[in-house]
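One structure is given below, represented as structure tokens, and several questions about it will come after.
Per-chain numbering from 1; labels A, B, C, D, E and F assigned in written order.
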């Protein structure tokens, strides 16, 4: 099994974090190739970023589709996920969708701990898109002065507030680049802390293994005939 | 007042229909400029079409923003609407959003009469996005043999079934290119038949007139800083 | 075009505020006539007030229907709106419905800034009636000591808390009598502040202009035959 | 215990049916007084009918409040129920609300069998008001030719279709005047058939008995100060 | 009329509190027999407790069904309620379901005041099961140091916070064993305080009186044929 | 990795079908042990069956917990799933939950093809429990005369109707015993056909692999202290 992981931004360092997470999960049982998106912005933080990443993401799928058994979209905004599900015959999973759906199976409500206040609305929009908004206890983000605390400590404080004040029973990390702190936060918080890349790979690798793919008769029917 | 109407596809004939509808509504009270989208597909019928239209739509806004007081996205899929709301400081309205929200104000439930079975899921997804899914009596489309009936007659039969069988009290036309049959269908069906371009212009021109625009502090905050 | 604006209470000063707001919006493009409701209470603050206003409101419509092209119900409780939609063949719009639906098109979530704690439940009930409850970030009202702050300052503080603490991206004024502070609050808050009268006129004048009216085959079918 | 039953219309015969149903239920354990509404229409079939009944209904409560321990609004549209809950300190129950909430406790989904197609939307609106819309399998009404079948037979056929085709597990009669056929229909349909008057009296008499009344601090807070 | 009240736990003292509440409500008008559940845990506080109580609860129904006209499940978790509704032909009511549905009829939103933080999720799950989650203002529980305040005082503080901060208009007691403080809390809080046992008996006794029972054609159809 | 698969009924043949499906999926990569439930009914078809299976299911977990890395509850009613999630520290997945959540990721709406009309309500209840009810196009079951068609043909006809008439884009098999027809139906229907056991194993094996387990601080907190 060989899986294509698309990092919808063009950041090399974040691509490396995602690759490492994926390889740790795969543990040699299958192959993963993780690519940044050409001509995409360095961080997906707006609808414009998402729209601009579309062409590059579709090109990656188009050029490499034959070489892979499935595609993972590895950004917690699930940018262009519907389009990717539509354009390829291979199974496609988005990490936000996967993370929220697994979160809903292991606790009553979950909180997303995200990078900034500006991302809150979009995480709420996505939770509703996936019918999980009633389970979204809150979207938290690091507050206070970054000078006083390490980044991880600030995420920990946000997650702790989600658990203590919002009664979250599960934490979902709001960015694919945070994976390396998942297990450390989990140990401190004593609740599951989910990283989207791992959740996405659980479902995608399982779909490939069992021959499950996207339904092509309705919402994700590929474009018919010539485009213009 | 001068409004930019973006037809998200590249079809010249459909652009002309939209322009005509818009000019009939404006009736000289304000100016409308209706443009097709460069490098877009000839008909928006898939997520891929929507993604491919994004660059051209944003370019239109970018190049012409200073010359217009507001932007109408004139396709019943509201493609890239969130991105357009985000990238310009001018008010932006999508015709599907406008049509569904006005439909909800003039009757109990509405049906969308669309072009094909393949579009049903996407209209349902959009109705839910706008919190109108409970008011969507059905999505109907012309069925049966096109050889026996004119296009308008087949849309009439679909709309009639929506009214009689699904208890729709309002019909929303599922494509910006159907505007010219709205009033004729309305006369025959004895229920309001809404065209999205008209509904969109009602709200957009009113927003411009009264100085209402998109909130820029959260979901539609423009991209910060350099993109890469 | 000539529009009848019904102020459902009997207050002359509030009627004047509404008239001024309406004339500012119309700006000579159409005519507005704003009337208080005979035998109604001085402020609509309870279901009893609403019920007592019904007869006078219907009488206004009945007596003047022929002279007007549309009817605006100008109170943020939308009292007797369903009945008014039913009894006249002209288009009818309620300002709460219009304001909430426009609010939903320009930002992620909105808050209503209302006059008192006692009105909170009714605004929530109305938001749900219009399928907008998931978008209602909060209903806020001036708190604290009126001796220390002007009325406008107290409304500003309530709105500011809605934006800062409840993450409202749009503010909807909870009473038709507050219109004059809308633009000043907007400037200070840096988010759109919507006045219902303006929102209602946007949609009503557009409906009249394009010949859209209430569907009469179901929910708003007029009473058949003699009443008793 | 002495209960006031308000028939919101002015029909004497229907008042008698309601009274009989109520006395059969009370069976001497408490006293019921059933009154038609002065100056109301002969049948509540429109929002106008409801609005016109308001003054008479409130007058009945006002004049007789001291003599009764509770008030039942006995029409399946629950007209002016919120206002009646607000104006009296005594417990108030509406029969539609009571019937739907009991229906939800004895089966998966229920259908309302109503008098006419025109009433369907309003029953749906009411089901949603009471958060029961997801449990409303359908609203059915007698169809076909009244010349061929008795009224009861036609209601039976509507109810049978609700059970067989819509999978209703409980039938709620859509009009207070149908009570006398409830038990006969139940025997034939082999599912519970609920009459609103009985359901309303179950809850109202129990509330009186145990001292439960309407909360007066928010939604149903009585009007403060002079009404003028 | 003779009603069987099942206390799903095995606690004798709590059984006595429930019995007293029930006898006070019945006031001689009907007979109640209140039984603890053999082999059940002493307090229902987990899914395991619920599962372990099932056999004993069904045995009670099985052995005594002929002697009773209806069954009340008297625990605010409504444990095994669906199974009990299924196995007997007699009407069955759960106290949580009854309390939430009556609460929804007497005020805008209600809060449950429960015994501990650990019970919050389960009350939320149950409110959703009964379609009442949108009306659940909050679940509160006694916080702070038990050494400083009596149990009743701590429940009062929790309820007061629900009213003041969460805008609850009705309080529902979260445990059948709290009945004796209902009226005292109500007096102090000035909002209705509902005890589930009373609410359940209102509906159950009324169902028995009027011959309403559980629908047996779908969700609650008894097991067909031999079990293995 | 070693997974315990609990068949909640006592049927040996169905246990064998489940075991075969599981071993086919595992394909030697991990070990599965599939056990029928002692003292459970031969088929789970009622709430009583579910309640009676609880003790045996919990005993299986209790006796074997140390020997397994995760537990799959392999019945499309997910009987006692909450209790099993609560009593063990190992990850637990129910096959209905897993199948519906994966179905929601590969198409717009799904239908469950179940064994009988009697099971429809329970599948609907479960879809709602998992927040998937808006995506449930229908629950279908074989209709017509079993004498004329093979079992598989009758399931095919039910599934075909779901796709053609209800616009299901994905089929979920309604019983763990139907797994062997999944791929054949998929080939004929041209839409994905999901078997719950496969879906459950995808998620459970992935959770074990990545160290994800059930949150133990709220809804699934194990019972504290002694039970009686």
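Following the convention adopted for this analysis, contacts are C-beta pairs under 8 Å (C-beta built on N, C-alpha and C of every residue); 3 or more make two chains touch, one makes a residue touch a chain.
Quick caveat: nothing in here was measured; it's all calculated off a predicted structure.
Asks: If you tally the C-beta contacts for C-E and for A-F, which one comes out higher?
Replies: A-F
Asks: Nearest whole angstrom, what separates the Cα centre of chain B from the Cα centre of chain D?
Replies: About 42 Å separates the centre of chain B from that of chain D.
Asks: Taking the mean of the C-alpha atoms as each chain's centre, how many Å separate chain C from chain D?
Replies: The mean C-alpha positions of chain C and chain D differ by 31 Å.
Asks: What are the residue numbers in chain C that touch two or more other chains?
Replies: Each of 85, 108, 120-121, 125, 134, 167, 169, 218-220 in chain C touches at least two other chains.
Asks: Strictly by the criterion at the top, what is the full list of touching chain pairs?
Replies: By the stated definition, chains touch in these pairs: A-B, A-C, A-E, A-F, B-C, B-D, B-F, C-D, C-E, D-E, D-F, E-F.
Asks: Please give the residue numbers of chain C that touch chain A in the complex, ascending.
Replies: 108-109, 134, 167, 169
Asks: Where on chain C does chain D make contact in their complex?
Replies: Per the stated touch rule, the residues are 10, 41-42, 45-52, 54-55, 58, 80, 82-83, 85-87, 118, 120-122, 125, 129, 218-224, 227-228.
Asks: If we count contacts the way the header does, which residues on chain A are in touch with chain C in the complex?
Replies: Chain A reaches chain C through residues 120-121, 124-125, 128, 133.
Asks: Tell me, which parts of chain B touch chain C in their complex?
Replies: Contact set of chain B toward chain C: 25, 27, 29, 85, 91, 93, 97-98, 101-102, 104-108, 130-132, 134-135, 163, 167, 169-170, 183, 190-192, 194, 198-199, 201-203, 205-207, 209-220.
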